[in-house]
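To start, the structure itself, in structure tokens.
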Amino acid sequence: MTAIETKNLSYTYQGSTKPSLQDVSIKIEKGEFVILTGPSGCGKTTLCRCFNGLIPHFYNGTLKGTINVAELNVVEHQIHELALHVGFVFQNPENQLFALSVEKDVAFALENLGTPREEMRNRVEWALKTVGAYDFRERAPHELSGGQQQRVAIASVIAMQPDVMVLDEPTSFLDPLGAKKIFEVIADLNKRFGITVILVEHRLDLTAQYASHVVIMDKGTVILDGKPRDIFNMDEARLIGVGIPKVTRLFQILKEDGIDLKDAPVSSEEAAELLRSILTHD
Amino acid sequence: MIEVKDIHFTFPSGVEALKGVSLSIRDGEFVAIMGQNGAGKTTLVKHFNGLLKPTTGEVIVDSISTRKTSVAKLARNVGFVFQNPDHQLFCESVEEEIAFGLRNFGFDQNLTKKRVDWALNLLDLTEYRQSSPFLLSGGERKRVALASVLAWDPKTVVLDEPTIGQDHQQKEKLRQFIIQLNSQGKTVIVVTHDVEFVAESNPRVVLMTDGRIVADGMAEEILTNEALVTRASIVPPQITQIFLRLTDLGLPTNVIDVYQARNVLHKYMEDRRR
Amino acid sequence: MSIFSGFQFRRVSTPIHNLDPRIKFIFVIAIFAVAIMFIELPVLLLLFFLQIPIVLIAKVQRQWIRSMRGAVFLASIIFATNFVFSYIYSGYRFTPSLLESAVALTFRFVVLVESFSLFFLTTSPDHLGLALEQSHVPYEFCFAFTTAVRFVPVLAEEAQTIMDAQKARGLELEKGNFMKRIRNYIPILIPLIVSAIRRSLELAEAMESRAWGAIKKRTNLYELRLRRGDYILLILTVALLGVAVYVRLYIPIPSMTSLLKL
């Protein structure tokens, strides 16, 4: 089943002269873990906003082409309808938590949907336990660290049990260890519950190993679209300015020297294994 | 020269953020202060321009103790670029924004204009001279904030988490810029948790955890020391991670850079062939 | 600023904290009504001392004392104004009853501060928000209230960071004459306001993404239910009002001056 499909999608923000998205056509299958990346200003965030209906319903402006999410035409459905299928986690943890306790925040979406109290309690408990935030469910968001706050944001999104989860640079404000923990939570949700993940990230070193699909954008269009190993290994990716994983870069320069590791690694484990076989066979 | 003499710092809320920190930074050094969020990095550097005064101990900047000196006086020589440029920008034009610091420090009109022109040019912002800083993109606003601090030519520049939210190219440009500043004789202090950024620059690294300095040395030694890195809850550079997994083959572990790795591997294979 | 710390809630569990905010509020209004009904000092003093045991049970003595200290300034203005004007009005004659009525009016203010402070110190903001919701205040207002409270510490921290950032550019807040000092705050206010606007936009996006406005009849994770303690307080409140009305109508209260045989 297709989770998201866009055909010739173009979009210009209101009051802007240049389009932010030009002729974007991508297809994302259910259960995929997609990394969406590209230099600043390439249109990644704009594209994500199309996935849950913020574009065109919250941001006016001109939308051309089609976009279907969970088989629904985004233009024809309100944001709150789409919210049942697409969850969105934003960059700044502080500005997506409203309530005075973690529990209440996770319940926020369910309250908005008129969910009966018993069911709400169950879903809130499930969501909190799944992301590992159950222990601080009664704390106020301001008392939490950035990493904890993001986990609460993720919990409040999965409480709605969406098919798709979009995360726009969720670890920008976190240190590498905090970021790693968040990526592990996201990967777990993808593997265990089959939630389709679309992750916008620059930190490919930490995330490349989880992805099954990579989309690279530049200046509003999709430049590269395919499997991580293939895409990161392409010269074009590096030349656009994407920070490909260091291990992939090492593989590339070793290849130039005549040392062929066969597969392009995307994680340090893979690279170590490949090097080990080359070095011990020699 | 910045000397930190066994300082302790406790916030009014009662939280003890610095538990006995001593450090010396000579003129012209390039230092990266690293550690987890909450380790006390930003708290420490805020003592360098007097924003915070130590609860006990002393901080001496260019032979002046910070305890009795105003922030304005110290800031003239220690420029601080904050993490979020939006916490500084308030003027109607980029020009005004850059002139703000200069005016505060008593530069006359002529000199102000010269310095503004210079700063605009340095950070590629001349075309935005009359633009409102609020209408610029995130990366451009960061450059404006940086320009407004460099304009008054402080001897020391402190950058607090300059790589947050930046894409790969922006980080690379920033890195080159910082190295350039340092090569011009400025003391550059970067507070960061971005290990790859530091690995590519190989500066002196001061590693902090839980309000204390746990290591002080070259990036190459510190970021590759598995015990230290675990203790400070940071992640080693990706290249280092490879070599940490191959120690049983007799490969060195103090490798942090891709080209360094390539050379090490070549040498290893040559040695094995013999 | 100390008067504000006397109104801040801290998370503690005492019988008073666990009472339903709606009932507590009715009690506060009742105290207010009784205080208005009487200008006799003995009654007002009684009202004042009546609430002290509540303060002790709720274990909020320290913060409560701080709010009372903060009120001293305004109280002394009220006292001074009343005393001076009634002195002038009665023909520049000083009598003990003059003093007494000024003190009584001051105490009326003090009783008010006392009860409101007690209310806010023992009621958590989310409890309060929930009470508002269940009292059928439109959800938009309840949400605005709790969200505002949630962001107070965030904005306070941001204001401090902005001040630090501008001080690091040479801004000296304490320098200059009065006008200059006010202008010195522009580099602090503008980033704060701009940041608040940006924050609101991000919050709105997040709200929409969490199905805001999906259904008119929202449900709630928590529910306030009246318990035994609440009913007891309600009965006491009604009794207090009943007694007060009866006394007001039928029993003359001796003034403090006559009690002390002045």
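The letters A, B and C name the chains in turn, as written, and every chain counts its residues from 1.
We take it that a residue touches a chain if its C-beta (ideal position, glycine included) is under 8 Å from a C-beta of that chain, and two chains touch if they have at least 3 such contacts.
Small disclaimer: the values here were computed from a predicted structure and weren't measured.
Chain contact topology: the protein chains form a complete graph, every chain touching every other one. Of the two chain pairs examined here, B-C and A-B, it is A-B that is joined by more C-beta pairs in contact.
The distance from the centre of subunit B to the centre of subunit C, each centre being the mean of the chain's C-alpha atoms, comes to 45 Å. Once the centre of each chain is set as its mean CA position, subunit A and subunit B turn out to be 29 Å apart. On the subunit A side of its complex with subunit B, the touching residues are 38-41, 91, 145-146, 169, 172-178, 180, 202, 205-206, 241-243, 245-247, 249-250, 253-254, 257, 259, 268-269, 271-272, 275-276, 279-280, 282.
In the complex of the two chains, the subunit C residues touching subunit B come out as 158, 161-162, 164-172, 186-187, 190-191, 194-195, 198.
Contact residues of subunit B toward subunit A in the complex are 36-38, 137-139, 164-171, 193-196, 233-235, 237-239, 241-242, 245-246, 249, 258-259, 261-262, 265-266, 268-269, 272-273. Those residues of subunit C lying in contact with subunit A across their complex are 124-126, 129, 143, 146-147, 149-150, 153-154, 199, 202-215, 217-223.
Subunit A contributes residues 52, 54, 57-58, 79-81, 83-84, 87-88, 90, 92, 94-101, 103-104, 107-117, 120-121, 124, 140-142, 156-157, 160 to its touches with subunit C in the complex.
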